[in-house]
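Questions regarding the structure given below will be posed in turn.
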């Protein structure tokens, strides 16, 4: 307690706080023990208080004092130690450059700094990278994989929601050489909040309710960061199959992964051995992680068990009939898949307990 | 069968066929035994086939031949005997005037011709009535109440979804003098399709899912037609309390009505007598109606029992503790509350079986 | 901080922890800063850990150590200072009697101790009260109204979910004589969790999804406590009209209340004056309450703004057309309407900050 | 019309008419132009009318005359020409044997007669087959594949809902040798009605709403019929990976299939050629099928476009990055996946238009 109370509070701003990720950042940062939320910006809501824009935060003492402002880098630089960018790709970089120059730490939730190569960015995002010189400075903000790098970084690129649900289950297996880097399939189901608070007919209640549909086939933008990270883990170029689907829930991503074990298992004994290796691999990777829940026994992931939390659930099954390994993960796309994970990075780079404000 | 096969088919057009009511009209009219759907209009979808805009109709033989066009009155007048207008209020009248002049029958789903008085229209719709001279010619298209007038009319104003759910249960009771015309309360719950296919943030999946909320308090536009019709039934000016709520279903309106019986009931015998009078009143009014279902025994209305049909369910309870009569109705807002009822009027004025294309 | 750290932790048990209210108590008490959760009971889950029964709590350090046990009063009495009963009515009293005798504080979420009169209990619950001698000792656990009594009580009867949504908005108005105690109507919409985790066909997903329906008309059990409490506030016998409806959300109650102001308002000036009186009345009653949110301006309650919190939202509108006052409230039926409010009472009687573990 | 009116009406009974498939059969058969529904059975509802058990059918003239009876084979044999069995596996065979002996045609919706080999049945259903001698007589009731056999059969085994969604897209490709019979993955998402009207906690609204979860991994019972049928199409033993998931919709199955083309495609020209071959293959197989909708252009399947209809939507994409073929199908699990398809078989074996009662 003594140690905690000595922790220096940081002043934090959120640029683009009126979307779903931004709103979730507001929720988490308003209640974070070591954070003072000093600014929230939104073009459309400038001038309004937090309480007016988000009635659900109206009981918080700060909600009537804090007003949305226009996003102006020079102003934010004066107010904040850390700036979260919850903006569309392409736009985020515009703010990152001057804010970094002014000495702020940037935690960016867009795709702008997730990739190592500007040409891959152009291939997947269909425009030139707005600040390619920063790509080298950025750290991919997946705490369970890049904790040490996050500690020292000034520019964190928080991973996408789908990538998080795929990378956390697959990276340890590739690292350990337990599965082949080829033929990986990720079949993902996402809640509608993943589409953002855009007033588009496709995301109207009546279009999503009693509906399930794939979209973005076969080359979704998130493939770029997924494959880059998997390639790093496998130390070889990895190309995966990824199919996102929209399902009628507000929050949650469930990903079912189809993987080929490196080692063939034919007998029950071989299957048992492989199962133990996978289990050991996951326990080694995540056994002490506060936000990764390895399911045991007959339990399988269910988005309703992680909604509103920063936890990702992971379970797996070997199928002796097909020789495949099935791994399933569940996360809240707005928390572990976006804002919660971003706050986790903030905790790490600030030297705070990693779970601060997240439980 | 012989009689039916002699029935003359009518050529029908739908103006504004890309909204939810328009889409429902397409569904009903494509499968109507005496209708040839000759034109569908939509500014935004002009040039596309029915199958392209509404994949769910793509198995219908006509869906690939019929293309959306720009809405042009002179063209429609040449093609169609009957024109359905599924347009916003204010806009519908623009089409009604020339089409009526050209000899078409108009069935209008907007609010433009529902009221008798242009000044009431202005009070509730905040602009001058675009064609006040037509108000006298229009018939309020509530078939169970105005069947005879509908038979002879060239301009039908299909009632609003909320009004239908209120008027059908209340009018017979007022007609029979069983309830007081004062103090009526209508508490209504509507599915999100009632808001139309508008790309507004309020109707996004994530804003409606896991949400219930009232809106438009305390003076919703539909009050104008509700009160006008109730006043006619009661032969005195009726003012009611009406609270609409938005609930997370695609289709359905459930209305709970609080009414004061004219006759006080204190003993069990008085209650039994009153119950029998109400029952007799409803059976007299609706016992032979194909689309009104009077619930018996312990059954209570449930929107899922009427969804996709032109049926309205009605049940009632006397409460000896409060002396009140509670009446509950359930309907599909897009069918009995809009397009189905409009087709019912088409059947009546065409001399076809009233249920044609509706079961 | 110093004061807080000196606060004595209490040992708390939950009897009937496998239902929805019980699960919500587990969630709140696991994370309560001054509570040690020492026992959870459930006949059907006895022997299993918290983590096994509720995977979503599996990341909590206690979830693997704490096992469900059979509910045995003598054992609980040894372990716990405070026992929450989340049991059906009739059963709760069985545990309350021996546990009170053994010196435990009881916070009961059932209906067993909410009424002052055993004969009213029998009328509404259809069996004799199991421990009528305790009725006098029990305090109705509505903190905003009975805070002082709760401080001194050993037996708290946490109010029902519907009653909370009705009493908090109406009591101040009756206390202040602003509305008539006659003719009150409460039209309530509840999420399905209100029915409990009962495996009954009526509450299956396919029966509730895309469905809205009233039920329990016209004499719901909750009327007994609602009318008793309103009568106390009005100092006269109050009989109300109450219609519950089931809507397809997991959590949330929205109640729309129809009230008659004591004072007639005809002119705009009279309406303004009355509006100010109501506003002043509510601010006096709840202006400093941490869990009552009085909505201002055009905002109206929405269950999604209170879900997962202990907050009740209240808004009102005067309708000059009908002379009525409409008051609307929204709460989470499992939090403010059940477990959260029960924890609020625990905080009060323990001398802890009233918001401990609730924000 | 003349031809149609000469069509002999058949007397039809439904055994097990109170589940979701049974209810859907009732809906379809009540409105079928050539069917007289003469009996519906249900142990739990015996004695009640159709209108009482299913309020939504109460407007149908027959709904008050037709009463549920106990299921008694001798009685049914006297009443009906055709008997639909909507019973659990193991139980269906008990009725099939005596009814076939009595000369009835049987259309069975259970799994009892879908497999060719009793030992496979025992492996997947964990009990001995109750009437193995009938397996040879049964025809797998997938009309698009076995139309000729259905015409001549007295015992139709209507396929399972998941199998239909997998077999229709895959069989033509295997038949044509366009995809490899190895490595097939079927990732399926099902609405909750697939679980039947069982009062189990897992299927309560609150457990399914805002939830997505896989289940039955890795060896779901439906694999037996899927693999048997695929093996027939491929003329070699096929083993597939199949992962069912439960999603919060009432109706609908969406299946995403991952297939390996027999022919490698590297250049754009090769991809174009392969695409044309697949297109030609599907058009050949289904171009004239009234209930298979091959999607063109950018359209992708969406369950809301097939809900309530007997249509299955199919779309495909070649992925040049992975060399895979992705095929997606959408159907209503209760219609094309169960009762609608069963009625389609009835139409075929009766010599009626295949779409009778289904559009």
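Couple of notes before you dig in:
Think of it as A, B, C and D in the order they're written, each chain with its own count starting at 1.
Note that in this section a residue touches a chain if its C-beta (ideal position, glycine included) is under 8 Å from a C-beta of that chain, and two chains touch if they have at least 3 such contacts.
Remember, it's a predicted structure, so these values are computed and weren't measured experimentally.
Among the other chains, the CA centroid farthest from that of chain D is the one of C.
Between A-D and A-C, more contacting C-beta pairs join the chains of A-D. Mean C-alpha position of chain A lies 47 Å from that of chain B.
Our note on geometry: chain A versus chain C, Cα centroid distance of 36 Å, whole angstroms. Centroid to centroid, with C-alpha atoms defining each point, chain A and chain D lie 39 Å apart. Residue numbers of chain A whose C-beta contacts span two or more other chains: 207, 209-210, 248-250, 302, 304. Those residues of chain A that touch chain C in the complex are listed here as 1, 5, 31, 52, 55-56, 58-59, 209-210, 290-291, 293, 295, 297, 299, 302, 304-306, 308-309, 311, 313, 359. The touching residues of chain B, when paired with chain A in their complex, are 20, 191-193, 197, 199-201, 203-210, 248-250. Across the complex, chain C is touched by residues 185, 187, 189, 207, 209-215, 217-219, 239-241, 243, 245, 247-252, 254, 256, 258, 300-304, 307, 317-319, 321-322, 324, 326, 328, 330 of chain B.
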